[in-house]
Amino acid sequence: MKKINVAILGCTGLVGREFVRLLDGHPWFAIACLTASARSAGRRFAETDPPGPDGTGVAGRLVVRETNAAAVVASGARVVFSALPAAAAGPLEAELREAGLRVFSNAGAHRMDADVPLLVPEANGEHLELARRQLRRHPGFIVTNPNCVVSGLALALKPLMGLAPRAVAVTTFQAVSGGGRRGVAAWDILGNVVPFIAGEEEKVGRETRKILGAVSAAGVRPDAMEVYPSCARVAVRDGHLQSVGVEFARPVDGDAAAAALAGFLAEPQRLRLPTAPSRPIVVRPEPDRPQPRLDLRAGAAIQAGRGRPGEADRHGRAAGMAVSVGRLRPQGKRLDFFLLVHNTVRGAAGGSVLNAELAARKGLIPGVPRG
Amino acid sequence: MKKINVAILGCTGLVGREFVRLLDGHPWFAIACLTASARSAGRRFAETDPPGPDGTGVAGRLVVRETNAAAVVASGARVVFSALPAAAAGPLEAELREAGLRVFSNAGAHRMDADVPLLVPEANGEHLELARRQLRRHPGFIVTNPNCVVSGLALALKPLMGLAPRAVAVTTFQAVSGGGRRGVAAWDILGNVVPFIAGEEEKVGRETRKILGAVSAAGVRPDAMEVYPSCARVAVRDGHLQSVGVEFARPVDGDAAAAALAGFLAEPQRLRLPTAPSRPIVVRPEPDRPQPRLDLRAGAAIQAGRGRPGEADRHGRAAGMAVSVGRLRPQGKRLDFFLLVHNTVRGAAGGSVLNAELAARKGLIPGVPRG
Amino acid sequence: MKKINVAILGCTGLVGREFVRLLDGHPWFAIACLTASARSAGRRFAETDPPGPDGTGVAGRLVVRETNAAAVVASGARVVFSALPAAAAGPLEAELREAGLRVFSNAGAHRMDADVPLLVPEANGEHLELARRQLRRHPGFIVTNPNCVVSGLALALKPLMGLAPRAVAVTTFQAVSGGGRRGVAAWDILGNVVPFIAGEEEKVGRETRKILGAVSAAGVRPDAMEVYPSCARVAVRDGHLQSVGVEFARPVDGDAAAAALAGFLAEPQRLRLPTAPSRPIVVRPEPDRPQPRLDLRAGAAIQAGRGRPGEADRHGRAAGMAVSVGRLRPQGKRLDFFLLVHNTVRGAAGGSVLNAELAARKGLIPGVPRG
Amino acid sequence: MKKINVAILGCTGLVGREFVRLLDGHPWFAIACLTASARSAGRRFAETDPPGPDGTGVAGRLVVRETNAAAVVASGARVVFSALPAAAAGPLEAELREAGLRVFSNAGAHRMDADVPLLVPEANGEHLELARRQLRRHPGFIVTNPNCVVSGLALALKPLMGLAPRAVAVTTFQAVSGGGRRGVAAWDILGNVVPFIAGEEEKVGRETRKILGAVSAAGVRPDAMEVYPSCARVAVRDGHLQSVGVEFARPVDGDAAAAALAGFLAEPQRLRLPTAPSRPIVVRPEPDRPQPRLDLRAGAAIQAGRGRPGEADRHGRAAGMAVSVGRLRPQGKRLDFFLLVHNTVRGAAGGSVLNAELAARKGLIPGVPRG
């Protein structure tokens, strides 16, 4: 199988660099094009500022182009991964779709479009149907992944949907990388907590309901669950911890809930997608987990096949792709737990790459054999 | 009026030092006795390790005694403030009560005793009735203040009780000072969040219900409210931030709730107690408050009489005694908000001092004129 | 005595806010004009973003003007304090000098001008002679204070000049506030040290030598001392710690050096300037001091007259104006020690205010009686 | 070749865990015995508290023994790695030497013994001669590695010895892991710098001089270099940054010094020892390196053979074994630079493992073929 050429838009930001890391050496995709703002354009990726600790792969030698549709099309890329800011992403991603490209975007611009899937492969893989619908009207399509908080939350809620949740409250402890490389000033966050992130709580509500909703003729009928988000920034570099409380229609059995979470497997696992963790949800038995420092890289790759399920395989492609859950506390009709998601991996670049892998295996990217 | 001699037990810890700061120069009380473990005994307070940045007051010259009942009694103290660990506090506080002393304790040992008030003066001042009952059976009494989280939570819930809350969920962002000076290792918390504090969640539930309960013949009949606590430690030095979600029987009017919180006044304010903040609850209008760094010292002293209500009076006795509330978000029958409490001031030493001031003004400490 | 109207340029930044704090209620000066960029212009100072925890003084009600010479002149200000960025400060400060104003600037633009004093009042008060020279050629003058590191370093070196230092090496642990409110990204500094601050080391060398130099016909003949600076940023909010090693021509007597530092008094102390600390250098006897957290606010005001010399008077005008020195370690011809300077107080706004006070008492600002 | 059984003393601390990580799967050594205090004894290593993120190797299933000589001898171990506290290490290591074991110790107890090598393989491999001398008087021997600061400093000074350094001043920014898992309280270090580490500066002076000294009949004749250490703790988890200033007899050529550092290779590289980095010193060309966050894991393994020299091979055995140097600034006879050493890898466990590898290849551990 010949690898499929891909482009990464916005390659120099924190999410863009995660895209490069995950796609440099990917078994199906080959990086053909890297774009960024005019400031970085013209330099080799390895020379863009700030250089990461690594960056010695093939991608390091690619010359970064200024972001625009013509450069992407000219590169021969057939798939696009977008780490652009929302304002720039809106028109450009639509333009690339018209040019026949398959766009997998971490940007917020098109997430709530009626015919754009907001995809977490283990939670709502069937929403890819919307991408097929786009292909009837456009030569290409756009598939989005949700906000970093929702990436973890919707995944953890999925196995609990059978227990009929009626409401979910989530308080977040969000890492500074979620605000981008220069988005959070040290002066504001050192030794502090800031209980506000602009626009975040609105996204948590509407995106969670769309992901857990059902595909309908008109798009997606969102789930009726009430969502009560309270988002705060903490002095952590990577990893969004979440305190989640779910209310059900009936009293909840804690053991059953734990088993449903720990045993959860979905299409990405069955299809052995390259970036899929062997277990998407790791249930920690310790009294004080998950923690950003210890659980950030959860997610052993199926291919690697070593380590206990849920143990971090620090070398593997899927490190950071599993969500860690702990401290399950049932109390009547309510279940409280803590959850950790790697915000720039599962919550951004890794989520988008997994979306592309699922789409490819389902026949939406010509050149990859169906799973 | 002659000042009343008091003792401070466990004076060298973080809470003990706050007691010293608040009582050194207090208008009604004079420090007659400071105790600590054998390691510090025999040295002047100003020489105990670690010296604070200040410590130049009268208390600095006092020689620290080893903690035991005889030393306290011999000092002539009639009132005791206890910052002892719970295990040591249990028997010693009972012994001091038998010796006729009025004990105001931050320790957890006696908080749930049927005849011991668990007191937040603005929330349940009427529970001091239990202290009167103790005096029928003992020559002295014990009055406790709650856990640091509950000190802020119960205070903020009090003005909302008229709206019939049925359940409260609270996720905490707790400062390292809550674990004591050496209780939290830098290795564990730097750049991290630890979603567990031993024993904390149990205290939050039972203490909140006791404070908001009603005095009965048998002691206190706890409030029926469900409490769902999720406690986490963050890399902040002082100040417990809390994400609070309250569920009511009926849809909640956000403006009415905000007005109830901001306008709340109680006995300590009417009695103009020396350590009472002019407003016990400060409602912040900004989109991103309260924050530990900015709002830790909320609480303008009545005596000072300057500053806008709720503005920090950094020089005043009541700095750190007000709870700051912000980001009020009503949604149906639910009200979410963030809350900040200074954990070693309102949540520990300051709460205990205010308890003593209220008890004194209510005639429970001979020598202070009734309010 | 009628107060002298002053303007503060760049009032909304971290240094600008320190100027407001120090000048709001100053015994000689009255704030008549606050300026900032167009973004903040037109709003009351108390409403500028971000609001500090305080800001309730008279200055809070002043409407902020956009920075330009006309606005300053129109305000009636006769003295200007400048917290502008260097690029903007260069031409504007010169323009204000031509308009007859006395400019006290924290900006770097004019520090090395031959006829502009680079002033640390305790170290080189005699350099004010240069301001007199400016008055012969201009209707006003510019007086600058040095870089934040040099503000502390030059002050601590002054009492050692009699021991004939030949070289000084300094390694800094600089706080994030030194980079301005948004100058240091949390992503870069959390759990990290960055051993580089653009342009800083060059300033440390040339400014230290100018301050310790002698006024000559041509300006200042810099001291011949070699300076070896190594500047690093650490995850501290305020306070630049410095590891200093001084090499002398002869073996150094540690006790004599300590006595010279601790006993150092200069013109600001003799003149009892309002913002002068009673002791400009506090020598800490403890084995582990100074520390940013404990010693940031060193500097008891002469006026307050309370506290032991060197103890922090947290309420006083001079808090943060003393430099703390500790761990004096003589070894042969070398003396090593640690030093702490509050970078936005003594190292910026406070230094500039003290410069103005000294200039005023020396007859350079009409309206203030000579000392 | 059959693997040689080894024991790890003090396996549950931060350094002990690094020993386990490096020796679990080592090509020459097999872990036969893990010891710790009575608190952990009897549990499998994977169950000791706190569990690391990994710990799934063979060592995880070993049962931890209480530390004593009999347990080690009974295990059949022939080589011992010691991460004990100095007080316990002194007598026990001597006892194990008498039992015929080869002891490689990170403890400070025997470092200054006349016949014990204080070894940094790239700097003073020839000091292993002292181990041969020990074997004439004892059935076994003790080899030590230096203090974590010295491990990096002595290595970086070695290639400069040809330029005749006369004095070195070093100011450290030391990570909290250097104090052990609970050695540094969060309360003390959050947002702070503590300019003191008990006993550290004495070690830096005497150990650096011993390593750079020459073996003589009586032991080691220390180098005559003056050492001026100033040690401080910062809020970093791992990695000791150092600001180093070296004074030479003659003016120093910066390019020659950089080339000497970057090109430095020694016996561990020539012998291709398993834990040796391909380049022991990585010279960073960027203006702001090294940084703890970016350069902690420097050191590409020779075996891996990939990556550019000096790039971190995050998967390799030698990650953390190279010292990173940057910001070389020659000025007259002086050379200033910053240096980073991974304090628990090159500065502790990794240094000790490399010592054992060198000793083995030089015929001091029977069973490993000579290099």
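Some observations on this one:
Here the chain labels run A, B, C and D in written order, and each chain numbers its own residues starting at 1.
By our rule, contacts are C-beta pairs under 8 Å (C-beta built on N, C-alpha and C of every residue); 3 or more make two chains touch, one makes a residue touch a chain.
Every value quoted in this text rests on a predicted model; they were computed, and no experiment measured them.
Under the touch definition stated at the top, chain A and chain B share these contacting partners: C, D. Counting steps between touching chains, the shortest path from chain A to chain C takes 1. Once the centre of each chain is set as its mean CA position, chain B and chain C turn out to be 40 Å apart.
Mean C-alpha positions place chain B and chain D at a centre distance of 48 Å. Averaged C-alpha coordinates put the centre of chain C at 43 Å from the centre of chain D.
Chain B has residues 190-191, 235-237 in contact with two or more other chains.
Of all residues in chain B, only 14, 176-177, 181-191, 235-237 touch chain D in the complex they form.
Residues 169, 171, 173, 191-196, 226, 228, 230, 232, 234-237, 241, 243, 245, 287-293, 326-327, 329, 331-332, 334, 336, 338 of chain D touch chain C in their complex. Contact residues on chain C toward chain B in their complex (touch as defined above): 51-54, 56, 190-191, 286, 294-295, 297, 307-308, 311-312, 314-315.
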